Amino acid sequence: MSTDAQVIDGDDARVIDVAFTRYDGPRAGRLQALWSLARWSSLRALGARRSWKAKVIPIALTLLAFAPALVILGARALFGTSSVTANLVKGLPYGNYAATVSIIILVYSVIITPELLCPDRRDRTLSLYFSTAISPGDYLAGKVLAAVLPLLLITLAPPLTLYAGNMVFAVHPLGYLFGHDRDLPRIVGSALIVTTFYALVGLAISSLTSRRAFAVGGYLAFLVVPTLIGGVLSHALNMRFLRLLALAPAPIRAGQGLFPNYSDPGNIGPWVWGATTVEVAVVAIVVLIVRYRGEQV
Amino acid sequence: MIGPIIRLTLRALLRQKRAIMLALIALAPAVTAGVYALARPAGANVLDFYSGIVQQLFVPTVAALIALVFGVSAFGDEREDGTILYLVATPQPRIELVIAKVAAAWVATLVLVVPSLVLTAAFALEGRLTVARLGWPLLGVVLATLAYCAAASWLSLRTRRPIIIGIIYILLWEGSIATFAASAAKLSISAYGRAFVAHALPQAARPVTGALTAAVVLVAVVAIAAWGAARALVRGELP
Amino acid sequence: MSDPAIEFSGVSRWYGDTVSLAEVSFSIDGGVIGLLGHNGAGKSTTLRLCGGFSSPSAGRVRIFGVDPRRHPDVYRRIGIVPDQSPPWPFLAAREVVELSARLHRVADHRAAAMRALETVDLADVAERPVGEYSHGMRQRAKLAQALVHDPDLLLLDEPLNGLDPAQRSHVIEILSRLGAEGRTILVSSHVLHEVERMAQRVLVLVNGRLVADGSTAGIRRLISERPRRVRIATDGGARALARRLLAGPEVDSVGIVDGQIELETSDPSALARALPSAAREADALLAEVQPVGDDLESVYAYLHARARGQGR
């Protein structure tokens, strides 16, 4: 809507027409529309513009995800360089951070992803979206971005915080930076693997129903139940490859493979976990495309 | 008048693809047991496997999840779309409404989990299946799912995010904290459900309490949750 | 003396910092009452309090003398048509209405359901799931489930939404008949001319406050500071009459519209006394003298503007 109201001037008076007029100003384009959708969807899922009750769980989980980093950095701040703090730092290498907070990542993604898709189906606002310049593909891209951004808050920000803190507390910070320069892209890479997997799987399952309760149940069942089955069967039958049924930790193991000193209890290589991660992610993408391909205005 | 409400709620819960999705989840332990039966090595300890699958997969995950989803949906679906008003604007005592909804969620849960447990026992134990080895875990599942359904129904009337809180309880509290803190296990519904498994299977992990105490605790959970839900219907804000 | 159907005593309802209703008091017993107000005025809150779906933050709500939240038995006498969709869309309309009858403890629920469905003209399509109905049919299904147990009090939130003109007339006729039988019907609606057709009394809410309560004409009479507009049709001599009237103290303003005089007066009685002599002196034959703006829509618009601070 134009902000320039129509003015009718007379000799000694004027009338300003503030009725609705067509927007003729500059248009920001598809990317801006996509970004706007992603930004507001993720903020909404985190409880923005809602009561404190909608915010408390995401905030609490975010703090829990930061807890290991804060504990280690707090100990370093209090006790300086000592054997205790050295053991603490060694006890949580960057590659293991996601595994340490894996349950937090799972619960966080279970909370966020159904909120991004289910309400639009239930409230029947999809047709409103598609009556704008946003295509179904744009909508999906925006929602994937909306899922990834909050998840990066707990997969990327905490290990980066730990890295920054370790650098600050190091005897020679610059030396630490140069000595651990490869850790930074590894941290980013593993966070992106974990985040993208959980985002895609969560969205794919949420796209199948309009009820959040069922999306949450289905998402959890899809990740947790095969993990438990794989654990039980691989132990009972002594077949280590049955552990590949563990879908929940698959991307975490794949991300750990980017770091040196990778080890797996079942001696399954990181590329195998990576392949599992990619296969499931591809299936998730296909489900999303199929679900939204037929959406029309 | 409880009967018509139970039938109506059962129809709402078990229709369409969401019931199929939950049925697939319910069958997971049975499929696992079937794979085990086909592939197990000679001399494998079937009681260990059966005990493990019931204690680690069936009670705390499969049965808990299904009961949570049905328990939340019994009132939650109608609360979400506002049609709970039609039920509340009747002369039915509030506690009867709650009992009907919890009963429906419980029956829907049992429809899915009981056959799965029977199949799991049959596949895993084969010739070593006895009434006690099926009956005690079944009793534990029956009572634990009733407690989950009642608690979930109460949550659905007291909070706008019942499923999230239920998931946090099941995954974080019961799945993590209660597994390594014995005192926390006393606040875990699945721990009391697993106590019945230990009654029949010595291989089972040490239970938090005996079967009788577990039964009393679970029934108490149901009674308190039902009372709380009825109170929420009287005092709470309905859409 | 029996308790009134609805009694609000100093009722306020707030949600955090938002005041939805502020010190509303009224008593209703019998007839059709229109509940009017702008969006956010508090109409739905009022209906929700009447239905027992919410508790007042202050004050007291009584339905037939009891708090419906603590005495669910009173729902035998209440029928509700809320704004929400009809219940249980996977059930056929007949099943929905029969279930409603059973839940309200109607003796012969099947017969009662058929009667209710026939009343709202859904008997022919009663076996179809409610979820497949059009919007208007769903409204009628909601009305059927509210009528099935023959309630003494009906609470209706926008019951005419989605109905075609014939159906609207039919529903208005039903509600008017029920009101004439002595039942209490509280109807929230934006369609003022239709509320005027069926409601003998209106409650007007503005910004959560009750600003008027009574018949349209009664409210109109009480709004003394608002000048009355009158249209006068004459058989010749309109301009002369207009000049005469403008010279007198009874008239605030005069205009000629399409050959007819339209004037504003703050003293209708004085105008009524002065008009015949003014017409004689102006040699004008009075054909029609008609008040303008006494309809519900005008009254409501005036009340609304006044309560929101305009026109003071």
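Labels for the chains are A, B and C, by order of writing; each one numbers its residues from 1.
The criterion applied here is as follows: a residue touches a chain if its C-beta (ideal position, glycine included) is under 8 Å from a C-beta of that chain, and two chains touch if they have at least 3 such contacts.
What you see is a predicted model, and the numbers here were worked out from it, not measured in a lab.
Undergrad: Make each chain a node and each touching pair an edge, then name the shape: line, ring, star, complete, other.
TA: It is a line, because the chains touch in a row without closing up.
Undergrad: Where the centre means the average of the CA atoms, what chain is farthest from chain B?
TA: Looking at centroid distances, C is the chain farthest away.
Undergrad: Can you check how far apart chain A and chain C are, centre to centre, with Cα atoms defining each centre and the answer in Å?
TA: Spacing between the chain centres: roughly 51 Å.
Undergrad: Using CA atom averages as chain centres, what separation in Å is found between chain A and chain B?
TA: That gives a centre separation of 30 Å.
Undergrad: For chain B versus chain C, what separation do you get between their C-alpha means, in angstrom?
TA: Taking the average C-alpha coordinate of chain B and of chain C, the gap between them is 49 Å.
Undergrad: Using the touch rule from the top of the page, what residues of chain A touch 2 or more other chains?
TA: In chain A, nothing touches at least two other chains.
Undergrad: By the touch rule stated above, which residues of chain B touch at least two different other chains?
TA: none
Undergrad: Please name which positions on chain B make contact with chain C in the complex.
TA: 1, 4-5, 8, 11-12, 15, 78, 81-83, 85-94, 234-235, 237-239
Undergrad: Taking the touch rule as given, give the residues of chain B at its contact with chain A in the complex, in rising order.
TA: Touching chain A from chain B are residues 17-18, 21-22, 24-25, 28-29, 31-32, 35-36, 39-41, 44, 48-49, 52-53, 56-57, 61-62, 65-66, 68-69, 72-73, 76-77, 80, 159-165, 167-168, 171-172, 175-176.
Undergrad: Would you tell me which residues of chain C are touching chain B in their complex?
TA: Listed in rising order, the residues are 48, 51-55, 69-70, 72-76, 78, 80, 82-88, 90-91, 99-100, 102-105, 145.
Undergrad: Using the touch definition up top, name the residues of chain A that touch chain B in the complex.
TA: That would be residues 53-54, 57, 103, 106-107, 110-111, 122, 208-209, 211-214, 216-218, 220-221, 224-226, 228-229, 231-233, 235-239 of chain A.
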